[in-house]
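Two complexes come next, and they have one chain in common, chain A, joined by chain B in the first and chain C in the second.
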Partner chain A sequence: MILNTVILLGGIGLVFGFILAVAAKKFAVPVDPRQEHLLRILPGANCGACGFPGCSGYAEAMIKEGADPGLCTAGGTETVEKIGEILGREASLRERRVARVLCGGRDCEQKFNYVGINECYAASSVAGGFKSCRYACLGLGDCVKACNFDAIRWEPGKIPEIIPQKCTACGKCIEACPVNVIKLIPEKAEVYVKCGSHDKGPSVKKICKAGCFACRICVKFCPEKAITIEENLAVIDYSRCNGCGICVKKCPSKTIIYTEKHSSKEPEERSKKKKNAESQATNHS
Partner chain B sequence: MNEISLFGIFLSAMIVNNIVLIRFIGLCPFFGVSGRMESAIGMGMAVIFVMTVSSAVTWVIYNYLLVPMGLEFLKIVTFILVIASLVQLEELFMKKYIPNLYKSLGIYLPLITTNCAILAASFLHVDYSFSFIQALVYAIGVSLGFIVVIILFAGIRERLDTAPVPKALAGYPIAFFTAALMSLAFLGFKGLFGL
Partner chain C sequence: MFSFKGGVHPPEKKGLTAQKRIEHAPIPAKVIIPLSQHTGKPAKPVVHPDEEVKTGQKIAESDGFISLPVHSSISGKVVDICPHPNTIGKDMLSIIIESDGKDEPVEDLNSNREYFCFSDDEIRDIIRDAGVAGLGGAAFPTHVKLTPPEYSEIDTVIINGCECEPYLTCDHRLMLEYSHGIIEGLKIIMRLVHADRGIIAVENNKMDAIETLTREIKRKPNVELAVVKARYPQGAEKQLINAVLGRVVPAGKLPLDAGVIVSNVGTAVAIKDAVIKNRPLIDRVVTVTGTGIKDPKNLLVRIGTKFRDVIDFCGGLSGEPGKIIAGGPMMGIAQYTLDVPVVKGTSGILVLNDPEVFTEEYNCIRCGRCVDICPTCLFPYAIYRNVRHKKWDAIKKYNVFDCMECGACAYVCPARLNLVQSVKIAKNHTSRENK
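Right after this comes the complex of A and B.
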């Protein structure tokens, strides 16, 4: 009985093992070894930032169609360099960008009380959204659901905050946002315009305290002439901007603000201010 | 059991004794991949394919190897071995000759290795002591029953996504309620064809 059991199970195992071994050889699909190597190097998040269907699709496209090896923003410089080594081609990452929500939305008024499906997409299809500004972030979190990298911090009803260290610029949130309030901005940018409204100045001023109403003060004061007004909205040319921050100080509605890149750059100045404040405080006491 | 017509076996396997809703087998893929219609269909097709082939092979092995040798008690181990190897084999075969189908089923094929519905179909045709043809028809019936139910369920779940579900029930709880109601509906077929 025991012998039979061993023979039978061993036999079946052997037969199937043999069949599988033969099949693996016979049905083998020739794959370029570089493709498998590439697939192992790619992040494997299948985010689609490169524009190909997943990491395997991108690896295949690089081998077979000679796709640009610098498209993997999720992997960053390190990955792209390794890809370049494997392909024996010059590969450089396109400038790293991060997504930003371009809406200040402080004390934004509501056009009407929206009761319905709790999604931006659904809310935006009802009379152009419930916020009084049609460029305003609706704050229902469609972008948060779309993000594969857990890079968006958000409380229901509030404007989401994108964590630049985690953002890979894959563009999923931009696709998901029905009001197109999320844009990609160079990571090294030190200031940005936190408003996406193309409405005329006075009408912006009426409904929003944080919106750009195209007063042109920043255009006038920018020493590098990096800011222009396009369609009633200040636009910063990052190839010229040197991050001096004059526009931030001059902006009357506080629409142009620093990114976290800037505040980390001048520890000296800030500590001086802090010291002054402290000494004043001690004097008073 | 031999007096039941093939059509009776087929309908009973597909609807009356539906593998998911009446026997409660294969619930894992039923809940796991029914989130989207596309993946539900992919899983269903993969199940049809694997279940039919594995039922045929397990029938041969059971009746021509296990029974003559008096080793019926080994059927769990053998069947699992057979199913796992078959899935591997089918994967290799499809990758070579039907790459499009392989791409669409790709992720679901390895998942099926551990799908208890496949194993259950093999066990049930042994329990009913079906002939080879009956076992084959039974397997096709069971797998068609699986795909019908998973497609229905996926359709409902796609609508559930946009429905105002109470917070405590959102996600899987409401899906289980839905499945339970579907199961109640399928209980209405009980007793038909007497299988």
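Right after this comes the complex of A and C.
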């Protein structure tokens, strides 16, 4: 009895095994081994920061279409270097950037009490948001829910804080934010303008203590001429900024602030760096 | 009795003002007249700051076919043309006029005239130049509605006197006090669209208005009265047509595709005032009511009067207001300031003290009550779920644009879901995508 069963099932197994083995040889799709290798190196978060559908899509695109190997911001320099080795191509990570919340309105007045679906995208559709500034962070946490990397620290009702070490600049939070208060800025930046209001100076001053009201003091004092006022808002040109911090000290509303990159540096180092930069500039000229 | 599928019947609360005659509100010291009080393109201002204007003078010209001119509702001086908070919640370009206290009218305001000698197009022009918009709430330009395309065969005009929103009584009072004007207005509409049947539809909770109108239409063979059941939203165009005539207006089509024109009683009076009395739309009846008002009233208010001035005339607020709503409690829009002006679409100012505001949403229990009562046969719970999960593609098959945002679903929802808000978000998102 048992023997019969064993022979029957074993026989069926052998036949199917043989068919599968033949099919696997005959209909095999040639996959570039590098593609699988790449897929193992990529972080596997499927965040979409590279612009391709997930990590496997990016790996395929790099092999078949020759996509730029430096697009994986989530993986960082290490991953990109490894990708370069596999592909035998020069690969360098695009300048690393991090997302920052450009709103410092901690005690921004509320226009009205909002009652409704408790999410930013819903609140922003009611009379342009319940904050008195229409560029203000609503603080209901849509960005936190969108972040795949747990890089946003947030308490309900407060302005979220992005942890730069964890941020991969994938752009999910920027997409989720209905008031466009999150922007990508270079990671190496030492100062940034924590305000996104394009309203005219007096009306900003009326409703917000921490907003940029385009007084132009930073423009005047910046030794590198890195700051300009665009649509009533100070904009820093990071290719010129050397992080001296004069703008932070002069800003009357404390809108321009240091990033954590700055505080970790010694003042002597800064002066050295500046001297280097100057000597380079003189060399160039 | 006539009625439609679905709907709800919230407490009417009309007793606060139903028996109060329409009073004239005093001329305000300052009016704020938004350039866009109607559906369509905003008007273009034709006055400048510091210019003297008279009551009834045109201060902004219509810009295109679906647009309306705007008139000064008082005499005085134009102070400024600047953005100002509006009842829809956004700042809107408005003409601000300071009163000189004289209320001096333009020359031929309130003159009596016969309109039989005018051609149809001339009458339509008069209605457009008077800035008449639908006074039921949506404020659609009336001359557009009265210009049916060639192919349409309109046989019936329905005057909508349902006033199904709780609290509001302005249409009720109009039917009692201006019943003659309503019939005159109906006659003008019937002439313009070549309809030979006129129906005035009134809910069965306004028996005194039904009596008055029955007396008024006695010797008018082609005007009849339809008594409909008191049910919300009986006054919605498509529901009313279905209830009274048994016709169904297809989704995405207009009432005129079913051969009907529906007009609010207030609009009928405004049409009559414009055509016979040469009086542009510079005032409207507003019900000022709610537990938060000391002395609730029905008022004839000049367009552009601030809510604050209107409420002050009604004895002021009786306490710290919990919620201020422009319009009725079901479809009205909550306001965050009393500086907003009364516009053409403002049928009521409702102030609720200590309102039953439910801030907490619970989970949907799939009871299906919202589906049962939806007068347009939509699935509100499914729209809500897809909006919360941001599945914008999935929403497309739920016909969100058929929703008129009557709020009946949110009223019956035991989980207090913000169903109407989710529909509004879905509509916004879809129309933005389509662009």
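Heads up, the rule we're going with is that the second predicted complex is superposed on the first by the 259 of 285 C-alpha atoms of A that agree within 3 Å, B and C clash if a C-alpha of one lies under 4 Å from a C-alpha of the other, contacts with A are read in each partner's own complex, and residues count from 1 in each chain.
By our rule, contacts are C-beta pairs under 8 Å (C-beta built on N, C-alpha and C of every residue); 3 or more make two chains touch, one makes a residue touch a chain.
Treat the numbers as computed from the prediction; the structure is a model and nothing was measured.
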Check: Is A:A21 in contact with chain B, with chain C, with both, or with neither (first, second, both, neither)?
Finding: neither
Check: First (chain B), second (chain C), both or neither: which does A:G128 touch?
Finding: second
Checklist line | chain B versus chain C as contact partner of A:N4, first or second or both or neither | finding: first
Note to self: Looking at A:F112 after the superposition, I want to know if it touches chain B, chain C, both of them or none. Which is it: first, second, both, neither?
What the structure shows: second
Notebook entry, point to check: Which partner, chain B or chain C, is in contact with more residues of chain A?
Noted result: B
Item checked: Shared contact residues on chain A - chain B and chain C -> 117, 119, 122
Item checked: Sites on chain A touched by chain B in the complex -> 1, 4-5, 8-9, 12-13, 16-17, 19-20, 23-24, 27-29, 117, 119, 122
Notebook entry, point to check: chain A touches which residues of chain C in the complex?
Noted result: 89-90, 334, 336, 357, 359, 361, 387-388, 390, 418, 421-422, 424-425, 428
Notebook entry, point to check: So in the complex, which bits of chain B are touching chain A?
Noted result: 61, 65-66, 69-71, 74, 77-78, 81-82, 85, 88-89, 92-93, 95-97, 99, 162, 164
Checklist line | List of chain A residues in touch with chain C within their complex | finding: 111-112, 115-119, 121-122, 125-128
